[in-house]
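Both complexes below contain subunit A, partnered by subunit B and then by subunit C.
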Partner chain A sequence: MSDTITKDASAPAGDNTPKTEPAKNQKPERVASLWSDAVRDLRRNPLFIIGGVLVLALIVISIVPGWFTDGSPFANGACDLSHSLERPSAEHWFGYDVQGCDNYTRTIWGARNSIIVGILTTTLVTVVGSLLGLLAGWKGGVIDSILSRFTEIFFSIPTLLGGMLIMSMLGKGNAYTVSLVMAVLGWPQIYRIMRASVLANKNNDYVMAARALGAGAGRITFRHILPNAIAPVIVVAAISLGVYIGAESALSYLGIGVQSPEISWGLMISDAQVRFLAAPHVLLFPAAVLSVTVLAFIMLGDAVRDALDPKLR
Partner chain B sequence: MTTVIEKNQKSGRLEIGTPLLEVKDLHVEFHTRDGVAKAVNGVNYSVAAGETLAVLGESGSGKSVTAQTIMGILDMPPGKISQGQILFRGQDMLAMKEEERRLIRGQKIAMIFQDALSSLNPVMTVGAQLGEMFRVHRGASKKEAREKAIELMERVRIPAARQRVGDYPHQFSGGMRQRIMIAMALSMEPDLIIADEPTTALDVTVQAQVMDLLAELQAEYNMGLILITHDLGVVADVADKIAVMYAGRIVETAPVRELYANPAHPYTKGLLRSIPRLDQKGQELYAIKGLPPNLLKVPAGCAFNPRCDVATDLCRTEIPKLHQVTDKDGKELTGRRSACHLWKETLHG
Partner chain C sequence: MGRYVIRRLIQAIPVLIGATLLIYALVHYLPGDPVQALAGEKRADPIVAEMIRQRYHLNDPFIVQYWNYISGVFQGDLGESLQGRAVSDLIGDAFPYTVNLALVAFVIEAVVGVAAGVMAALRKGKFLDQLILISTLLVISIPVFVTGFILQLVLGVQLKNDYGIDFFSVSFNEDDGLRAYLLPAFVLASLSLAYVARLTRTSLMETMRADYVRTAVAKGLKRRRVIGRHALRNALIPIVTFLGADLGGLMGGAVITEKIFNIHGIGGLLAQAVYQKQGTIIVGVVTLLVMIYLVTTLLVDMLYAVLDPRIRYE
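And then the complex of A and B:
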């Protein structure tokens, strides 16, 4: 409901800018394709704008946390035990943790691990899942059967539980091992979507036409089938990014993800929970930032899904 | 095995009449859960440079399967070529390796499909799709490919080709899309084009334009053309000879005018009678009774016998051969054959 209202309200404002454009731009107005349609849809979607701004901010924070804080939490003297558990103040917005470290600095620096895990896991999952899905869908037959049964084995392992198991076997974890473990457990989802999407697309006439014109298997797969089949994969990948960030925090919270002295929101929450009643701010700030991060990515994913799924229009 | 091909030195095109394609006793079957469907049962036909062969038949008569087999794009399995030869300039394509065949596809033999919208990739611009031919087969650069694409679009008379080269297939009208398909088939200047119902998805005026364009380009390049259709109207103007197919067999072949004037098979006769005519206004339209046979259980004898008005006991037991047709004096009519036990009665009676 509120969606439609905001859209209506922003419509006249949005209309004003293009009106002046054709004068400068001699190009005739193009009827939109799937992708340009999606881009136009996204630009108008408040969900996408809010999610996009938040995600962009988070990425900048994780690349250059120094811009947002005075000092590094790893520097000598960064923590002062005399400030232990001090409440938020005008100078120290998030207060101090039990070690007397500035909670705000740590929260900012903690973003890096979350973003690394989110992006790395999603990339790995998408690349591996897509390639295998493409192979299974295109080749079919025995290759498809073997790959699909193999996938089902992985699919039957719950991500978090399986992650706990593998991480505890690996011992000391960091952002990269966490990403790898979650990618190992996460690719079947993308594989399935890609396979189904390829199956739906490969019997189209244009694939036969490409064959009739002498295109080889590689060209047909990557130039003709992949671009037509990739939309649902992008959607799921965008949504799962947030989920992976949440999962990293869960693993770190359980003590088998990112390890101290590295900083992770999950780890901070875990450390703070013992004194939650005495000093709730130590836990609440990283928890809130984590929630907002996951929410931002999921909002972004939702917006992309709406834009790419013509049936939802 | 290779026959000597005389190419015109100047243009590099084949002389009119050079034999191009010969399909010999082709059998194709589909293995399905319900049994074996014999889609093509001993089809023979040939096309020469500059010649147009129309293959006429209802849905399921095997005309498209034959074409797909020639192109080598039949899905196997479930399809299976159980017998036969397809000679392209004297070489049996069925005996070739896939890599060799791929070089023929698109470059020597090209195909135009029925529905241009679904035959063009929706996420690629038409320029990219046209240019792809040059990039794949000729190793052209992106820029060269684009120029070639524009040239081709102009060739098939798409207005404002330069402006439209970056448009997507859905931005074109049906007739324009079919022109793009034709341009794509023409791009490598093939010796033979197979057009599988190229005008079925178009309305009548556009049909005529597209057929004219196709005929004109064929004459210009001296190509052989196999025109697959179920539309007798499309065939009349452009084809040189016709092969009528029914249940996977050729039932009649004839030069186009003779077939229209004087069919030698009851099925052809029925088809021609089914065309609505202006001078029969108000009368009930003629239709061949019954349905095309289920290919899993084709009737014994002549496949057409349950629908035929003149069928005899012989028709129910014995499959008719493709007889050479003669005129009343017993003189052989060139290019005319009929697979009917009663062809004499049908033709002369």
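And then the complex of A and C:
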């Protein structure tokens, strides 16, 4: 869809009331900028506060899971087969899984892989996608055509099927390989957004002013175009963090993601699936924690979107 | 229009070649020996193994193998599996299930998603709007396979045991016809449905503020006509884009749903092929999905011109 679509965007009317209410501790010239507006919006948004608290808690849990559980699930004697599939109790909130391991301990220790995958994949996708998108949008011409065809190749390969192949080629399933695979298949999305955003920005007056003042290509790209074009990228990246965490669990569920003895929520759900009817608690607790995690990241992403793009509200 | 379509089709060829080359290379460098995999645990008979290698040209350099394969594809021949079955037969057996599943899911997604989005947008901030916003957020957060298990338990097992309603089956049964696809298709559609509902809501809310909608109201048109002919038609463009890209995604994403409900579609075929390192099957399936993706994106771009006469293709 790179060419010949001519559509004059009908700009939405209204909503242009300036929101300047200068606070005492802010420098006056910063008040009107997109970013300071966004930060102020975020601080007031309950979505951001709830999501932020949950995400912070999850990050702490994934760094020091030992603070929240009695023992490590990898310790000798952590599992006791005589407790297999026991129901939740006051001492063991989430019950036991089929191997007699404490479900709560495993769920807590499983947070780390999900958080690593979410953050690492989003970082890789954003860096690669925006750099290539910036290059294609700014240079145009042959580079743009080649890069866009190249992107389409990756875009056209179905994620799960491509992931299945690359994972079996890499062999080792852990949080890092899973992130790499999802990043390889995921960057075209950011590329497209960045490219479109650069194209929309590059003919603006401030770019011409910078060029007239003698700024080089590098300075124009990174000091002028990038900061103005990156808002839509951040919005999509923030929302996809949660989506990637969900995708990791889907890959692990299919048996091609994180591999045992590593702990992953997707893997726990997959293991518990066989006895779902007899012992639903083994599946439902990690599934609930996983859903809350994804929800928290999506709430954060939604809040960022509302702050950076007030038109969408 | 005709020239535009031809140019798009020509542009699609390098993408198709690139995607197949990539997948072919990945399969080629998969660790393990496919011929040994045929023999299972036993050591493969060296003479038989050599015969199989000769027959499928497995000793040729990578690029020669790929050339043989792709020239076959352009002549409509997808090759053979190492067991000697035509890949087109294997795909022909599995693909109808995946296509049916994806199509039913697509209809559910489009109809329910757009309807929910329109209802939410027209009652902005009211109870129904909040309900749709919250429930779509929940659906997006819960992984598809968990939704699948829960619906299987509630609709497939409990409904039957507690109320004697044997409508949704736990496991897929071909003889039930369309009814057998309903529950799996709903599970498959759930995530995209939530996206479509939210996208429709935002898009329609934005167009309702446009000048031409105000003009239509000022002309004294009925509310139905203002919304249906003026607002919704313009709001549909991003939704059609999403739906078009998603049709291919539904077929690729059906792997999980097929596993939950035990449907023998291309997901199972592909998983088995990856396990046995059967390159021709893997590349055949992926080629097909890539072609579907390319055709649907072209159709979507052509649909734009129907929805919005300001968009022209020269």
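One rule holds in what follows: the second predicted complex is superposed on the first by the 279 of 313 C-alpha atoms of A that agree within 3 Å, B and C clash if a C-alpha of one lies under 4 Å from a C-alpha of the other, contacts with A are read in each partner's own complex, and residues count from 1 in each chain.
Everything below uses one rule, namely that contacts are C-beta pairs under 8 Å (C-beta built on N, C-alpha and C of every residue); 3 or more make two chains touch, one makes a residue touch a chain.
These figures come from a predicted structure and were not determined experimentally.
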item: Fit or clash between subunit C and subunit B when superposed on subunit A; value: fit
item: Partner chain in contact with A:169 - subunit B first, subunit C second, else both or neither; value: second
item: Subunit B versus subunit C as contact partner of A:158, first or second or both or neither; value: second
item: Subunit B versus subunit C as contact partner of A:228, first or second or both or neither; value: first
item: Residues of subunit A touched, compared between subunit B and subunit C (which is higher); value: C
item: Partner chain(s) touched by A:71 [first = subunit B, second = subunit C, both, neither]; value: neither
item: Shortest span in Å between Cα atoms of subunit B and of subunit C, once chain A is used as the common reference; value: 12
item: Contact footprint of subunit C on subunit A as seen in their complex; value: 1, 4-8, 10, 12-14, 149-150, 152-153, 155-162, 164-166, 168-169, 171, 242, 246, 249-250, 253-254, 266, 269, 273, 276-277, 280, 283, 287, 290-292, 294-295, 298-299, 311-312
item: Interfacial residue positions of subunit A with respect to subunit B in the complex; value: 28, 30-31, 33-35, 204-206, 208-216, 219, 223-224, 227-228
item: Partner subunit A, residues of subunit B touching it in the complex; value: 71, 73, 102-107, 110-111, 113, 115, 118-124, 132-133, 136-137, 163, 167-168, 170-171, 181, 184-185
item: Subunit C residues touching subunit A - in the complex, by the definition given at the top; value: 4, 11, 14-15, 18-19, 22-23, 26-27, 29-31, 137-138, 140-146, 149, 153, 157, 202, 206, 209-212, 248-249, 251-253, 255-256, 259, 270-271, 274-275, 282, 285-286, 289-290, 293-294, 297, 301, 304, 308, 310-314
